[in-house]
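Down below are the structures I want you to see.
Heads up, the next two complexes both have chain A, just with different partners, chain B and then chain C.
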Partner chain A sequence: MTTTDNPPQSDTEADTTEVPLSDAGNPIGFGRMLRKEDARFLRGQGNYVDDVRLPGMLTGVILRAPMAHARINSIDTSAAEAVDGVHAVLTGETLEGVGLSWMPTLSNDTQSVLVTDKVRFQGQEVAFVIADDEYIAQDAAQRIVVDYEPLPAVADAKQALADDAPLIRDDVEGRTDNKIYDWEAGNKDETDRAFADADVVVRQEMLYPRTHPAPMETCGSVAHMDPVTGKLVIWTTTQAPHAHRTLYALVAGLPEHKIQVISPDIGGGFGNKVGIYPGYVCSVVGSIVTGKPVKWMEDRAGNLMSTSFARDYHMTGEIASTADGTITGLRVDVLADHGAFNGVAQPTKYPAGFFHIFTGSYDYGAAHCNVRAVYTNKAPGGVAYACSFRITEAVYLVERMVDCLADELDMDPAELRMKNLLQPEQFPYTTPTGWEYDSGDYPRALQKALDMAGYEALRDEQADVRAAYDNGESTMLMGIGLSFFTEGVGAGPRKHMDILGLGMADGCELRIHPTGKAILRISVQSQGQGHETTFAQIVSQELGIPPEDIEVVHGDTDNTPFGLGTYGSRSTPVSGAAAAVVSHRIRDKARIIAATALECDPDDLEWEPGRWFVRGAPEQGQTIQETAFAAHGSLELPEGVEGHLDAQTVYNPPNLTYPFGAYICVTDVDTATGEVKVRRFIAVDDCGPRINPMIVEGQVHGGLADGIGMALMEVMAFDRDGNHLGGSFMDYLLPTSMECPSWELGETVTPSPHHPIGVKGVGESATVGSPPAVVNSVLDAIGVRHADMPLTPAAVWRAMQGSPLRTDLAIE
Partner chain B sequence: MEVTITVNGTAVTRDVEPRMLLVHFVRDELGLTGTHWACDTTNCGACTLWVDDTPVKSCTMLAVMADGHTVRTVEDLDTGGQLNPLQEGFMQEHGLQCGFCTPGMLMTGQWLLDRDPDPDEATIREAISGNLCRCTGYENIVRAVRWAAEHGNGEAEATDDDASADVETSDEVTA
Partner chain C sequence: MQVPETFDYERASTVEDAIQRLTAHGDEARVIAGGHSLLPMMKLRLAVPEVLIDINDLPGLDHVRLDGDELAIGALVRHAAILDDPILGEHYPIFADAERKIADPLVRNRGTIGGSLCQADPAEDLSAVVTALKGSCVIQSANGRRTVPMREFHTGPWETAVGDAELLVEVRIPVRTSVGSSYHKVERRVGDWAVAAAGAFVQLDGDTIAAVGLGLSAVGAPDMTCPDAEQALVGGPASAEAFAEAARIVHDAVSPTADQRGPVDYKRHLAGELTRRALTDAARRARSGSDPVDSEEGNA
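== the complex of A and B ==
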């Protein structure tokens, strides 16, 4: 890597037409622009939830269960209540009194807020102590005496449906087993036929282990119920402030107009901050009970052990092909571990999220999947960690299966992919499971990645390395792994997608002030994606107003329109479209006002960035700023045209957008230790036009690091009693600067045909696409068909010995 | 217990509990919320600040241990509102996204630059290896430090001929 200059990192094919610059040097429209939000973060002036300080504020801490499955016989809080500085201790019993001991989950299940009957996972919330400060609250929490009666736990999803498996959800009337649902997609008969006719069938079991998004900032909230006005203000770590407001109203029976949810600066989300957690509810109840603001910030153990995990999919894939490597079918059977409550955040209609996009980027007619979900004695959650509603699992499955097939056929994995990729002329393409991919040129992206990598030279080098190893001259092996992914993001069309009955459309409001400066109010919430910059750029692109003149307001339900928030890479595809639509409305209105001022017909005007002018007489025109002033002035407007220059919209996406990409990972594996070093990572992404290439590349970098983490380091394992073995950063390992290589990025640009500005969303692409590339690379190096993530030195070593490690359970 | 600590050039005296962590002292007693907290186990580095010119994970030090010492936090990096070269480098190279790890990264990065005004990529990666970032994949942080090295990291000149001093990771110095 050259760090000595400031290179454009992309091998770009984007339109390089000069973008005009504003007086402040920013692009008027799309282009590389430094972020507006940086100034405060760099000075330590960010305002995260833990930075919120209110007069008289108290602090709450949660007492968590030490075991995974246990009946609670009694809880004695008297010693805790006697501690000086303690204001209240909440238990399940207290909450039961106000009907809040259980709450609905985002999947229409229920989840205990504070335990009333029995503990169902280790780390579950048992009591909430409110005190003057955290030190006192922690002291008091230790004085709570809980009488637990341990029960046998279900730690292994594969045992959850055994006849003698302990029943986890005995709170649900009539329930006799641990099954949540059985769900299928695709055409089973056609798929069976394709397999019956196939020359080659390869079957492989694989686990996408339980991982955790682990944003640097943990979850927390400050709740303040004003006893006089009856208004509840909640500063909280949420990716979806509006959805939270509505849920608080529905759950707690509070009037929605008296609830204000403020999501200030958020220290990373990655799906971890979509749901409502017991701690949030406790801080609200705590504020009602004490009449004072109550803050709750979870510690890292609480974050890792109790909040939304990701994956935990046991998958058995089968791929069918002709003898020459034309793929003819794919089927998969999934056992999904959802933990003790079904708390998955995803559109209602799709219990397994978007997993049934598992046919991936290839052309074959027949596919079928069956997903069976079970309860276990583990934390609830399941859609988190930048997964695009389980497309991560789907992409991993198909990209591993393709490599397994390549291994079976003894065919180069790049060649096999190239042979089966969808072709550009097939778009829009409807997959065997019903997704309509909007646009793509897959072979071009893969070819680009191969060229950037110098694929053939790498294969030659690999052969040399292998020869030296075979001769006993070296312990090193080298791997080259590929993956090609297609994501579906921007959920979603209202008629297909809702969460708990709330449609996934997003509102947006734009006002142009008399002096031509603008304020844009959006429904989505940044957790680091840089919305204050990119959304200003969208408006700037469409209206020609310099981005520094556009203020973006987000994360405050009293001051922004309703919408479902930022996750599933939906901000740009949905809310970004809304921002473009309101800008177009302003432009249309400006045309009428400008025509009135110029005393001509609106049809005689033409638009150039920032200005309407008279066709054929370009000197006669009005800048958008002049029009804004006129709109607020005394100019007599035509019948039916209101003054001012404001617009609003609600954007209901007609379809998802489908970003895609081709990734190549080069690894060096020390066979003596099992240690893997990622030497190179080449990522070609196509997310349509890039609003701010710098930010897009940053999003990709972060996702690639996630991929290395999941493939090589991150796992939340359990022992047979359900004890969590990943409850700290000493056990749940995140990639550091040492594990990450210098990323090599490239791009192709295929606009979405149905999005107003063609953009597709990119936040999760790299997290989705990179894990299979890393795993494929390591397995390519050691010549083993499959081993499960994370490929720690121990797992690699064991795979080479022919006895792969089960990475999710410490039961050996 | 009464402690007097010189924080960002100003001596402050407070009566604190002996068990109060330094990170809570700067955040809660002094309201300097730029220093963050993100783990229970001294792994993340979000709480990194300087004690007597050495980066320290302030979640793993008691406030009373800093009695009589100097502390420097991220709030002290700019001068008269002007970003210093490293802060500017983070902005120029998009070295931050959510910003949560950033104060710790800046304090570690600045310490490195003060000792090694021209660090190469490997040196930078090792120096920041005790600071976790979940957003950036580290590349742009490395570039940000390089940017500062190339754009007059003013404090480098001020350092004596110590420029070749051993570069330890922040983990080691706080151990």
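== the complex of A and C ==
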């Protein structure tokens, strides 16, 4: 790593709070503790879907289409079926027989499960071979003869609405073009006026390219339809087990109480595992057809080529300001590439997700956006990769536009941001497009980041480096890039948000055993976020029970209450609130029971962590463990008070929570090769109080690495025929530790006023906030107003030559 | 999971045994050493050999030694061993330069120099290194050994001079005095194939270039080199101007293809720029004695 004058540092506030420790040395409440999950993960004892082995289990593999757009004239499966060890071969025709050849998507569109008419993207599912093992299944899949009739493909979203563009969705009656929707938000007239009155207007086209979440574990499922009990058990890689159960019931017509969805340990989700994929459906049908459990575990190419991608937004932004840099308006026109089926996971009323939060962190009166979505011959999906329902695209847009404006005004980008940031007294703040930000102190966070970076000294160094470059002494340039982001997480209020009609509220159940140990059942599902630790810490904080005494159950629909799952950083804002609420209910009930045992009035008791005691006589009291035993014992309880110590709730969030942060990225760019080295990355995050700062920092680290990946190397490009150019990790590049600096993290704490314990989600903050900081840094170095991600060496060099690459298509 | 088609597996015990097995199986057999190119190709079913002959047990192929006026490198020497080898480090730091940029430690622990050269991937690094150093390849068959210059070893992309019943057993590099060498590579990310790479040795007689070698990877250079640029340099001064001129010749001579690593104009530019850098560093090392790898490159 390049050495720096400013060594990596950490500046956190929560660590200074004194927290009592349990006998095991864990904080009783919030604080740093190692993850309870680590014991099994570090010993290789996790239980992932691919670890599930059932007696008699068969394996299914998918035959995928080799081209992007082709009519299927015939499929001959006879040679595959003749292979020894093959039990069945499913095709679109087979599924049509049971009404499952098409399925609904999360955006109320339909998606092919196995092709019945024509292939619409390369890698699409054509047939499903079920055999004794995957070697036999793969061999047999190669023996399926498919007669494809190639059709012209739409790989370029900008050509999707051309008059001569081939019609992709000819399966939908009455459809004549490839447009999915036109949708707008904000006030167009006011915005037009703001632009008419502006001293300065800057316009910039930009692409947020198609990327992929690429979880380490690919998608898969083991389906077992028990022919005797009629119960279907599905072990599957899902971020939303309850939603999946209901969808299986609705789509397949199976009774919901006879479906159990188990999401065991999950090796990363990032939005990739929200939707239902054809492979899951095929494993279910396969189990019904064969009468045996059927496992399907996709390979890496299948995951990259067919499962939910992210972004693919072509955006044209315009920003208006006064001559002195007061921003007065923002508008954006988006061409959204949704692929062959509209499979976007989105809260129903917002087809573009939360994109209309694009006004970001600044104070101006007028904004307007228009989003036009199109079908292309590319894989479906569109909300994934820790994107907070498109806030990633929104933050990138506004943070790039602010830098473009700074460039136009010849103003320091930090100064321009500081001048326009929302002020603390403006909260709660309603944005021009209708979002109500709950709390924030933005200037403080930005100032902290600037101080940690040593911003002025960096600018001085940059000037020296530039001078040496101008003199021909060096090929190196140095860049300093900023971004300030406002996230919106914790979807969401059920009157505003739902997915396929399912409201986004989450249930929670807490039971205290007689000996004072506890079991918490939550509706959200961990894909590595450490829920078993942080949720135990929430209960611990509220009840004073050591976190090691609290078991957290999740990911099994038969054993947890209903809820919509983990994505959009919603676990802590929604389910975390539910866990706090049930804890409070337990505490309230414990007060009555303790008062009964102490023979006093409940109102005479006071709470300290873990114990109710008599006001004025602190030695007279009862610990929560003692109360739990009393609740299960022979103590005569007041009339109307039931025994035991249990509680449950369903939490309907009144609003999203709005974490925010200020990021600064320092890069060194070799202008002669185009190579970029990220020298430093300073990230100040405010997500309210931190339940477990170590886990928060881990999430931030991962998101920052994501940001470097997207800014510098990750892209799923397609050639003009729709061939996927990123179908393996040799082609789709993920960042490694070698591309990452030692992160420098800082923190401010602004609690959410509406959340029971003030916390905000943080899982996606760094992924949302970091890409524009990296891009702004590289462009700051080379003195170019804009170039699209990923800024590979070739893209940087081309930008400097004045002929930037188009990164979504094959480089020619 | 990606799984290969069915294949047989045999483990050879000696070079002679391996050649016998290759003779018996004909062109359906493939030799496997480190396997880090062949196995992924098999899993993707791009390669479907009927028999794999494992040569990892073969004795006498894992040496690096001075042999007369040549360095002899056994075909089974792993990347990691090349990276750390003191003899190669003393004579030709270009090896360590290249190895630091080849894949990652996991691959380097298994992959071999023989496998790298025999894969004949046009974007491979050690082939460019051995090309730059004007090395040669020793091929053994039932009839004995023959030596093929590296610049004739590759007969096309993924094709070599090694016949069906033959085995590459050794790579030989001439020892030179007053020599420096260097390798420069641009990749999109650690572990990626080269966008472009250039290696060079420069042998000095005073300030005059007595001999020079260039190796070019991933830029469509015939035989992975550029004789015109080499000829332009020999007998001239080891100067920035001369290296810039050689870079210009390389720039014009190569014929890269556009792919997601970059367009043609960029790759051409890189071929020239990296040639310039490799020559400059090689000459600097030649002047200062065969110095160890520069500290600023230590963590590259």
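What we mean here is this: the second predicted complex is superposed on the first by the 799 of 812 C-alpha atoms of A that agree within 3 Å, B and C clash if a C-alpha of one lies under 4 Å from a C-alpha of the other, contacts with A are read in each partner's own complex, and residues count from 1 in each chain.
Operating definition for what follows: a residue touches a chain if its C-beta (ideal position, glycine included) is under 8 Å from a C-beta of that chain, and two chains touch if they have at least 3 such contacts.
In this text the structure is predicted, and so the values were computed from the model without any measurement.
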First, second, both or neither for A:Y135, with chain B first and chain C second: both
Chain B versus chain C as contact partner of A:P602, first or second or both or neither: neither
Touching partner for A:T736 - first (chain B), second (chain C), both, neither: both
Which of chain B and chain C A:G365 touches, first, second, both or neither: neither
Chain B versus chain C as contact partner of A:H701, first or second or both or neither: first
Chain B versus chain C as contact partner of A:R35, first or second or both or neither: first
Partner chain(s) touched by A:G528 [first = chain B, second = chain C, both, neither]: first
Which superposed partner A:E217 touches (first chain B, second chain C, both, neither): first
Dominant contact partner of chain A by residue count, chain C or chain B: B
Partner chain(s) touched by A:R53 [first = chain B, second = chain C, both, neither]: first
Chain B and chain C contact sites that coincide on chain A, given as residue numbers: 1, 134-135, 299-301, 728, 730, 736, 738
Parts of chain C lying in touch with chain A, wherever the complex brings them together: 1-3, 5-6, 44-45, 104, 186, 188-193, 195, 258-263, 265-266, 269-270, 273-274, 299
In the complex with chain B, residue positions of chain A that touch it: 1, 3-4, 6, 34-35, 37-48, 50-51, 53, 133-135, 213-218, 265-268, 270, 299-301, 527-530, 694-695, 697-705, 728-730, 734, 736-738, 740, 742-743
Touching residues on chain B, where the partner in the complex is chain A: 17, 19-20, 24, 27-28, 31-41, 43-44, 46, 73-75, 77-78, 83, 87, 90-94, 96-103, 106, 120-121, 124-126, 128-143, 146-147, 150
For the chain A and chain C complex, residues of the former touching the latter: 1, 134-135, 138-139, 142, 297, 299-301, 672-675, 712-713, 715, 717, 725-726, 728, 730-731, 733, 735-736, 738-739, 792-794, 797-798, 801, 805, 810-812
